[in-house]
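One structure, pasted below without further comment.
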Amino acid sequence: MTRFSRPEVLVPGVALGATILLFLALPLRTGQLLTPFDAYNALQVLARLGPLILALGLTMIAGEFDLSVVGTYAFGGMLAVTYGQGHWAVGLVLALAAGLVVGVLQGVVIARLRISSMPVTLATYITLLGATSSLSGGLSKTFDDAGVTLWVDRPVLQVFSPRSLLVLVVFLVLAAVLAGSRWGREVRAIGGDRRASRVSGVRDDRLLVGLFATSGLLAAGGGALLNFSLGSANPDPGVQPLILAAVAALLGGVSLAGGRGSVLGLLAGALTIAFLAQIVTVAALPTYVSQLFYALLLAGVVAVDAPGLRRGAVRLRKAWG
Amino acid sequence: MSTIVAGRRLSPPQWTDVLAGAALLALLAVGASTERFLTVANVKAILTSASLIGIAGLGLTLIVIGGTSVSLAISQSVAVSAMVFLAVQSAGLVVALVATIVVGALITGLQGLVVGYGAANPIVLTIAAGFALTGLATGIGGGTSVSPTGTGYTVLNATPGGIPLSVYALVLLTVALQAVLDRSAFGRQLYLTGENRPAARAAGLPVGRVVMVAWVLAGALFAVAAAFSGAFNTSANINLGGTLTFDAIAAVLAGGTPIAGGKGSAWRTLAGVLLIATVSDILLLRGYGTGAQIMVKGLIVLAVIVVVHLRTTRGRR
Amino acid sequence: MSLIRVDGLSKSYAGTVAVRGVDLEIRAGEIHALCGHNGAGKSTVVRLLSGQESPDGGAIAIDGVPVELKTRRDAQTAGVALVDQELSVVPSLTVAENLVLGDRDAGWLNRRRAQHRRARRMLDDLGLTHVRPEQRLATLGLGERQLVEIARALGQRARLVILDEPTATLTDVESEHVYAAVRSVAAAGCAVLFVSHRLGEVLTLCDRVTVMRDGAVVTTSDAAALTVPTLIRHMLGESPQAAPRVRAESGETVLELTGVSVPGRFGELSLQVRAGTVYAVAGQLGSGASDVLRGLAGLHPAMAGEVTVGGARLRTADPVAAARAGIAFASNDRKSEGLFLDRSTGVNLLVTRIPALSRFGLVGTRRWKETESRLAERCGFPAHQLARPVGQLSGGNQQKAFVGRSLDRPGTRVLLLDDPTRGVDVGGRAAVHALVRDAAAQGVAVVFSSTELDELVDLADVVLTMYQGRLVSRHDEAVPGAVLLHEMTHGAEAG
Amino acid sequence: ASPQSTSGTSGGPKGKTVSFVGYGSTNQWGAYFNGVFTEKLDAEGVKVKDLTTMDPGTAVQNFNQAIAEKPDLIVTALLDTTSMAVPIQKAKQAGVPVLVFDGRPDPKVDGDVMQVVSDNVALGTAAAQNIVEGLTAQGKKSGKVFVITGTASSLVTQDRMKGFEAEMASAPQFQVVDVQDGNWDPARSGQIATQLLAKYGCSGIQAAYGMADYMALPIIASAKQAGCPVAGRNGLVVTSSNCFKAGIDAIRAGTLYGTATEDPGTIAAQTADYVLRYFNGENPPKKETVREERVTAKNVEKFAAQCSNA
C-alpha cells in the first residue's frame, strides 16, 4: 500500500480535488465567470464550520466523538452576545472560559471513569442547549456592536475575512503542533488502541482532558465568532452544523474508529465542505438535490471505510478473474 | 483512579446503587409534592407522551445491543413511514399498517444490510440515509404534506379503558421484544455479535444476518411509531419526526443500555423513556420553561450514564 | 545487591485474591524468571510492579528507596520498562512511532530522521531486518508486532525490564533473537523479570527462578539447581499425567484442498485431511501456516482454489458457510477474536451451537443447561465457575473454554486450532492436548499450528512444514524436532 | 436615492433576475410558496435563482452570495430575524434592493427593505376572536386557555402573541394560563398538550391555540386521548392559524373551531405580483400586508380551496 492509497490521504485528496474541479467548472452551468467573492463566501463557510470541524475532528482522531460541540457552540455564542454588549472582548473571554470549563469537566469524566464519550457528550449537548435556551429565555438575542459585526467579515485580500483568516491560522497552528510533536503521535495512539498506549506509558487521561478542553475552547470560540458576525445569537443552531462538521471530518480522512487522520486532512475536509456549500449555492441547486448530493458523498465515505464492503470487493475481483 | 477503586472496596460497591436509589426517591418526593402529579390523568399523560418515543426507542435498542451504535435517521424514517401510512389509508387500515411496516422495515433494513454484511459505519451510513430520505421525500412529493386518503387511521387514536392505544402498544411491544431477546436464538446471537463482532465472525455466527434482522425489526418498530404519529397528527411531511432521533437515543441511554453494544434490554428502554417523561412532566407542572426542561433532561441522562457505567465496571479493570 | 525489592505484596479483585504476601528480590544484571500455573498471579505482580495497578498491601523499594508506582509513568520514571502479557502496540502507527511511544526520553519534538535511525538499530537487534521503520504496524504479522514491543521495552534506558510471556507467540528462531537481546541488556547491568510458561527457556535463559502457586511464592532458587520436572512439581504441586499418545484410527477424507492459495500469504496448496487424525502445520512467522487455518475458516477474503468438506464444495471466504459445513476455528487471538469476555463461561461454551439448541427459533432452556454442564464437565470446569464471566478466568482456563466450544458437537467435522496452547501452563496444556485427542478419537479431523516444536512433536499424527508460503514436506511418522526446525527455517528437506 | 426606486423599475419584468433566499422546500409551507412564486415569475420571463434553505446559517451565506451577484432584486424570508439584519444592511450598501416576505424584518432595518408580510398581529387577533366566540357560543362565563406557539425566538410568533393577548384582554373572563414553545414541531406540540391537559385537567382548560393547523390538530388528538371532550356544546375550543387541508377537514368535521389563512398560496401570489409591479415601475407601496382571513365553520367553504394546497 503506497502512502497515497491510504484512506487518510486518499479520501481528503480525492474529495478536495474533485470539489475544486467542480468549483472551477461552475461557469459551465451558470454562464458566469467565477469572482473572488465566490472564494470569499466559501471561506466564510470555513469560518463558520471550521472551529466545529476541528473540535469534533480532534476528538475523533483520539477515538472519541464529541457530540457536545454544537451545544458548546450555541452556549458560547449566546454568552458572547449577552455579555459582549459592553465590550466584545468580555463576551469572547467568557465564552472561551465556559467552553474550557465544559471541556475539562467532560474530559475528566470521560478519562477518569473510562467511559464512552458519545453518550456523555450527547447528554452534555442536551444540557447545554437547555442552558442556552434558559439564558436567553428561548429568544434570539441581538448583538448591538455593529462595528465588530462588520469588522469580522470585512474582506481582506478580496477572498479572506479576519474571521476566516483566524480560523485558517488556528488550523495551521494545530496542524504544526500535531504533526511536529509527540502530542500528535500520542493522540493518534490513544485513538488507535487506548489500552496499548496506556500500557506503553502514554498518559491517556491527561491527553483526553486536554483534547476535550481544546474542543470546548474551539467550539465556544467558533460560536462567539459566528454570532459576532451574525450580530445575533440563536438559542438553537439545529443539528445541521453538527452533521456537516462530522461529514467534513470524515471527508478529511478521519475514521470514526479513531487513530487515523491529521489536522491538514481536517482542513482539506473543511475546505471540501466549504466549497461544496458554495457550489450548491452558486449552482442554485434545489434543496432536495443538495440533500441527495450529501447522501451520495457520505455513501462514498461509507464505501471506503467499510471492511465488509472491501471484503466483498476482493471476492468479486477474484470471481471475475 | 486509585481512590475510586479503594472507595469501591471499602464501602462495599453498592454506593452507586444507594445514590441511584436516593435520586429516584428524591424524584418521587419532588413529584409527590408537585400539585396534580399523583393524579390518574397525569400518570396517563406521562404514559402517553412516553409511548411514541418508547416504541421508537425499542427499535433503537435492537440496534444498540447489536453493537451497531445508533441510527441517526430515526426521525426521517418515521416521517417517511408516516407519510406512507396516511397516503395509503384509502386501502383500509390493515393494508395501510402492513404497507407502513413493510416500508419502514425496508428503509431501515436496507441500511442494516450494509451495516451487517458490509460492516459499514452505522453513524456515517445513517447520516447519509437521513439526507437521502429527506431528499427523496421532498423531491418526489414536492415538499407538501400528505393528508389521509381515508379515515381508517382514527382507530389508532382510540383510548380503550381511557388509555391511548399507543400505550398498550408500547407495553406489548416491550414484552414481546424482551421475549425475543431472552428466548430466541436470534436474541442470543445478537448479544454475542454486539459484544465482540470479530469473535462472532470467527465463531461462524451469521453476523451479517443477525445485524440485518435487528435493523429490519427496528425499522418495523419505527414504522409502528410512525403509524401512531401519522394518525395522531392527521398529516405528515418530512419534518414530522421532529427531535425523535435524539429523544430515542436519550431514552435508550437513560435506561442504562451502554452504547458499546452487547448489553441492554427492552425493559431498560421502557424505564429510560418513563424516567425522562416523568421528569419533563414534573418540570412542566412546576412551571419551568422549555430551556430548564431540556437542561434537566440532559443532566438526568448524564447521571444515569455515569451511574450505570460505574455499576457495570465495578471490580473490573 | 538487589535492585528492586518487594515485600508482602497483595492484591484482590472483587473477592478473588490474586496475589497474597509476595516477597521478591531482583538483582541488577540478573535475569529472574517468574513461573507458575495459569492464574497463579504472575501478571498481577507484573501489573503492580509496572504501575498499572496499585497494591492493596505491601511495599516496593528500588535501590532501597520505597516507591509508590501509581501510574505507568511513575514506574517508567523509576526505570521500569514493560512488555505486557497482552500485545500492547498500536497498529495504526508506524513501527518507528511505536518504538518511541510512551518513551519518556523521547523529546517533545518529532525528529523523524533520528527516530528512524534508532528504530533501524532496534529492529536489527531482534532480527527484524526486513521490517522498515516507516511501515505501519498493521502490515506486520502478530509475531512481528510482538517483537516490536519487545524491542521498545529493551530499547528504553530502564533499570528493570519486565517481560510477561514475551515468547508465547514466537517461534523458536525468533525467540533466540529475544534471548540474545535480553542477555545483552542484563549484561549492561539491567535487572530482568521474565515470565514464561516455556520451562525450557526459563532454565536456559534465567539465572534465578521464583515460582508462584495460588497467589503466593512457593520458592525462589537458582536456575542451575532446577530441572523441568522439579519446576513443574513446584508449580503444580504434582506432575501432570501426559495424555497417552494413542493414534486414532484414520477415517475417511473429510477435508480436501485443491490448489488453494491466498495471494501474498501462501501459494497453491493441495491436501487431503482424514477424520480422526491430528495434523500440524508448522512454519515460521509469515510462512503462511496461520493463514491456511484462517483461510479455511473463511476469514481470508482473497482465498482462491477449491475446498471440499465431506465431498461438498465449500464456499470460500465465508465464515458462516465454513461453520455450517462443520469447520470449527479457534484463533490464536482469543481475546479479540475468540471469547466473549463479559459473558459467562457457560455461554462461551455454547456460542457455536445456538441453532442446535433451538427449536422454531426459540432456545430450549433445559437443553441449554444440560449441554452447558456436560461440556463443563468434559473441559474440567467446576460447576460454580460456569456463571463467572470468562474474562475473569486465568489464561489457561480461558483457552480451555475456547477450545471446548468446538468439542463434542455433532456438527464438527474439522477442528482448526491456531496455536491452541498459547500462554497455557503445563497443566492446562496437558488438558487441552487431552481435549484435542478426544476430539480426534471421536472422528474429528484436527488441524493445528503451533509456534512450539515440542508441541508439534507431542500432539501431531502428521506434520506438514511450510516455508515462505509453500509446503515443504509431510511427515506421517514421528519426526525429530531438529528436522522440522531445519525445514521451517530453510525450506528444504533436511538431509 | 433609495435603491428600490433606481434599479429594475424600467423595462418591465422580462429578463430581470431575482435571487430567491426563501424557505427550503423540505418545509411544507415553503414548498407550496416556492412553487407558486417561481411559476408566476417564470411566466413573465423573470429569472428566479433558487437559494432557498431551512438552515439559518446557510441562509446568511446564500444572502451574501445573492448580494455579490447583484441581481435586480433579492426576495427573502427570514429564518432568523436578527441574524439577517446585517446582510440586509450590506445589501443596502451594495445597492441591491431587498423584498422580505412572510415575517417582518428586524426593526433596525425595517426601512431598508420592501415587504410583503403576513399580518401576524391580525392572525393572533383572529385566533383570540375564534376562542372568545367559541366559548361565548357555549355559554361560558369564564374559561382558561393555553397556547402552543411556533419557535419562540421568531418575530412571527411574538407578533401573533401580541395580537392574541391584546384581543384576549378585551374578554377578561377568559384567561390565558400557559404559553409553551412548540417550535413548529407537531410531535412536540402533541406532547406538551398531553401534559398541559393533565396539569389543568379537562375541566381546567376550555380553549387552546396552536399556532398552525399541524400544531392544533395534535392538541385535539391529545384532548381526545386524555378523555377530554372536544368542541360541541361543552368541549375544548381549539383554534389555529396557517390553514392547511387537514385543518379545513377538521373544521368541517367540527373538531377544530377555526383557523386563519396565512396559506402559502395567497402570499406567494401577492409577493410575485408585487415583484412584477415593481419591475413594471409601478412603485408599489414599500410595505404591503397580506389580508388575513379568519376561517370558521361559517365560512370554511369559501376558503377550503385556498387552504387545501399544502
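As written, the chain order gives the labels A, B, C and D, with residue 1 at the start of each chain.
Just so it is clear, a contact is a pair of C-beta atoms (placed from the backbone, for glycine too) under 8 Å apart; a residue touches a chain by one contact, two chains touch by 3 or more.
If you're wondering where the values come from, they're calculated on a predicted model, not measured in any experiment.
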{"item": "Farthest chain (mean CA position) relative to subunit C", "value": "D"}
{"item": "Between subunit B and subunit C, centroid-to-centroid distance (C-alpha), Å", "value": "42"}
{"item": "Inter-chain centre distance, subunit A versus subunit D - centres from mean C-alpha coordinates, in Å", "value": "34"}
{"item": "Between subunit C and subunit D, centroid-to-centroid distance (C-alpha), Å", "value": "70"}
{"item": "Residues of subunit B engaged with two or more neighbouring chains", "value": "134, 138, 143, 208, 289-290"}
{"item": "Two or more partner chains touched - positions in subunit D", "value": "25-26, 152, 181"}
{"item": "Shared-contact residues (touching 2 or more other chains) in subunit A", "value": "136, 138, 235, 286-288, 291, 311-312"}
{"item": "Pairwise chain contacts, counting only pairs that touch as defined", "value": "A-B, A-C, A-D, B-C, B-D"}
{"item": "Touch list for subunit C against partner subunit B, complex", "value": "13-15, 53-54, 56, 70, 297-299, 319-320, 322-324, 327-329, 331, 336-343, 347, 351-352, 354-355, 357-358, 361-363, 391, 405"}
{"item": "Footprint of subunit C on subunit B - complex, ascending", "value": "2, 5, 9, 13, 183-189, 191-192, 195-196, 198-209, 262-263, 314-317"}
{"item": "Subunit D-facing residues of subunit A, complex", "value": "32, 35, 37-38, 41, 44-45, 48, 136, 138-142, 146, 149-150, 226, 229-238, 240-241, 277-278, 281-282, 284-288, 291"}
{"item": "Complex contacts: residues of subunit A adjacent to subunit B", "value": "109, 112-116, 118-120, 122-138, 235, 239, 243, 246-247, 250, 255-257, 286-292, 294-299, 301-303, 305-309, 311-312"}
{"item": "Residues on subunit B engaged by subunit A in the complex (per definition of touch)", "value": "1, 4, 69, 72, 114, 117-121, 123-125, 127-132, 134-136, 138-139, 143, 208, 246, 249-250, 253, 258-260, 289-299, 301-302, 305-306, 309-310, 313"}
